[in-house]
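Shared between the two complexes below is chain A, which pairs with chain B and chain C, respectively.
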Partner chain A sequence: MEPILEVCGLSKTYPGFSLKDISFSLPEGCITGLIGRNGAGKTTVLRAILGLMPADSGTVHFFNTESPETGARPGRAVRERLGIVLDGGGFYGDFSLEEMKNLTAAAYPSWDEDEYRRYLDRFSLRSRQKIRTLSKGMQMQYALALALSHHAEFLILDEPTSGLDPLIRAGILELLKEFMENGGRGVLFSTHITSDLDKIADLLILMDGGRLVFQEEKDLLLDRFRVVKGDPRDLNPAVEPLLGGITQTAFGFTAVTKQPDRLRALLPDCLLERPSIEDIMLHYLKGGK
Partner chain B sequence: MLFQLIKKEVLLAKSYVLLMLAVCVAFPPFLLWRSPEQAGILGFVLSAVISVLMCLQYVSLKETQYPKAAALLCALPFSRRDLVLSKYLFSILIYLASCLIFGVETLLFPQLATVGLETPVLLFFVISLLLGVYLPVQYKLGYEKTRLFFAVFIMASPFIFSWSLAWKGPFLPEPLRHIHPLLLTAGSVAASAFVLALSSALSVRIYQQADLS
Partner chain C sequence: MKILISNTSDAPLYQQIKEQLTDAILKGELAEGDLLPSIRAFANDLRVSVLTIRRVYDDLEKEGFVKSQVGIGTFVSTGNTEFLRESRRRLVEQKLADAIRAAKSLGISWQELQDMMKILFEEE
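So, the complex of A and B:
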């Protein structure tokens, strides 16, 4: 599969925070989740990719096209093929939906008004409503309507499900699945709500402290790890090196392991379960390897 | 595309634009009542300068209120150059509207028609100088830091106003009065265009490097 986005050696230093040598490649046809705790650098990476801030070094290639010089933003032709949703929408709250749409549509030669109207109907949004009167969920639905109405090929979403109720989150995830059905497309979205990614992600990128911890296929990652539950009395020097992120109570311990077979041999009575993305993320963020 | 960006500035400052246009309508007749001998020139100059600067300031205030909106527009296929130029063109549009309103008023109140063609052109040069300095500084330092400039302007305006009312001399400074009016007008237009082109190029250069994170 052709890479839809290739990031190589992206670095940016701010007082008190740096993005350090971020490199990853996303093939088309994948939904990629960019995960990490608050302040890990997820939004900074997305903004650097979009050229909203000049990077100190590194290159960004979209759609296998020529990369602009370091720190420059993607060219107009590339930006026409992207759908962008920023954290919080990024709209002028005083504008009506129609006014903001007119402004956005002017930027895209391929704007599809019928598609836009269909999304408004789907989300029960009214054109004349002021953006500041929309709930957070409705603002995100509106942001997606704008991002999807020009036949974008690659969606970049910054925390699209943050602070939304489960019903609206489910609707947004459904929309992303529909977007991917046409093929040749991709989605990169940052989130700290990993349960959303359990449902739809194909690839995962974990960031921590401005560094990339891993990029891996979700299913392979989930297959490799197991959540272990057992009796605290079973924890001994032979077992502990096989475990990460151990939490212990009087009734039992929970941990994550990458070596379930060896652990099963040592602890035949322990319970091994398929982990969630959150289990694995916490394992890494607590220092696991 | 540029048209939509200028429209965006108008929409952002919609209420203020209407208020300033009302000032442009009401101020010259008010001066005609208070100080008939200076009403024409003063009414036009003050209403035009105040309208342009206040509308521009209000747009900047709104942009500061919604900082992510500028980031979103830059992520869309808008060029940063167009985003900057729209601010300059918006200011010129407000100035032209002030000229138009004053032109209509001179038809309704012939006593106001003391202003020749060279006055709006010369005033345009003055406004170009103000914008030419202010906008690049604002793009560099941000709205909050450049607000001081406006605070000084607002505080000084009553003094400028009363000094202007007391002014009995000619409108043009001595050296300019000896230049042929046509040459003066053409020179002002060319100088204004030069100042605005230079200033907008500088603003674009600053904004191209701006960190919108």
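So, the complex of A and C:
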């Protein structure tokens, strides 16, 4: 599989925060989730990749094209193949949907007006409505309609589902799945709603404190860990080193382990289950073993 | 065809899917020439990563169960029937070995096991 995005050694220092040597490579055909707690650097990475805030060092390659200079914005030809939704939208609230659309469409030679109308219909958005009167969910739907109507091949979305109700979130995930049905495409989106990633992600990138903690295939990651449930009386010094993130109630303990086989030998009666991404994320961020 | 993914099994997702597909082919639920789902559609339905399905298809192709054609998709293609029959035999042996292991762990004797098999065999 060809890489659709390659990031190498991206660094950026601000007063009070720095991105440290971020490198990853995303193959085409994959939906990648960028996760991490608030302030981990997710938005900063996305903005640095897009050249919206120049990096101090490192390179970014889209679609296997020639590498731009450090900190440069991707060239016009590359930008036209990207669909971008950043937090805050960058919309003028006093504009109607139609006016804002005209502004966007002018920037893309490949703008597809029919496609755009289909998205408006799908989301029941009205062209003459002012942007400031849209609900949060509708604003996101509108932003996606704008990002998807010029035949983009790679979507970069910052928190597309945060703060939205489950129904609208499900609709957005459905949209991303449909987008991926054509070959040669990719999606990179940041989120802290890990259940969305359980549903649709292929790859995961975890960030913390401006660093990349891991980039991994979701299924391999989920296969490596197990959630353990057992009798609190079984917790002893032989067992505890195998467990991370132990929580305990009067009725039992729950923890995460990387060594299910050894644990089963020590505690034959414990329950071992496949974890969710949230279990693993908490395990990493709470400094588990 | 049914594929069920267990959340309590120790087997990796990839292995669970591959084994069930292989079973379906060996049992004839999937016939020669049948088109398998596209990687993305299959991944969406099973809620696993496209990378996992790709690995399963690649492996099945290496083992001679399927063939993939660029731009069209992945087909069941077992080709060699002798090989298929041998594989079916192996499947039976595998399941018997599982049963014997389970019987031993419960202290069931060889005689008891034989009686059990005889009754079950005649019931089918």
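Just so we're on the same page, the second predicted complex is superposed on the first by the 288 of 289 C-alpha atoms of A that agree within 3 Å, B and C clash if a C-alpha of one lies under 4 Å from a C-alpha of the other, contacts with A are read in each partner's own complex, and residues count from 1 in each chain.
We adopt the following convention: a residue touches a chain if its C-beta (ideal position, glycine included) is under 8 Å from a C-beta of that chain, and two chains touch if they have at least 3 such contacts.
Bear in mind the structure is a predicted one, so any value in this text is a computation, not a measurement.
In the superposed model, A:Ile280 lies in contact with neither chain B nor chain C. When the shared chain is aligned, no partner comes close enough to touch A:Leu197: not chain B, not chain C. Look at A:Cys270: by the touch rule set out above, it reaches neither chain B nor chain C. For chain A, the partner with contacts to more residues, out of chain B and chain C, is B.
Of the two partner chains, neither chain B nor chain C is touched by A:Leu188.
After overlaying the two complexes on the shared chain, residue contacts for A:Leu148 are found with neither chain B nor chain C. Contacts of A:Arg76 after superposition on the shared chain: chain B is touched, whereas chain C is not. Chain C contributes residues 7-8, 10, 12-14, 38-41, 43-44, 47-52 to its touches with chain A in the complex.
If you check the complex, the residues on chain A that touch chain B are 43-44, 47, 50-54, 73, 76, 79-80, 82, 84, 86-95, 99, 102-104, 106-108. Chain B meets chain A in the complex at residues 1, 3-5, 7-8, 11-12, 14, 62, 65-66, 68-69, 71-79, 209, 211-213. Only residues 29-30, 177, 180-181, 198-203, 217-220, 222-223, 260-261, 271-274 of chain A touch chain C when the two sit together in their complex.
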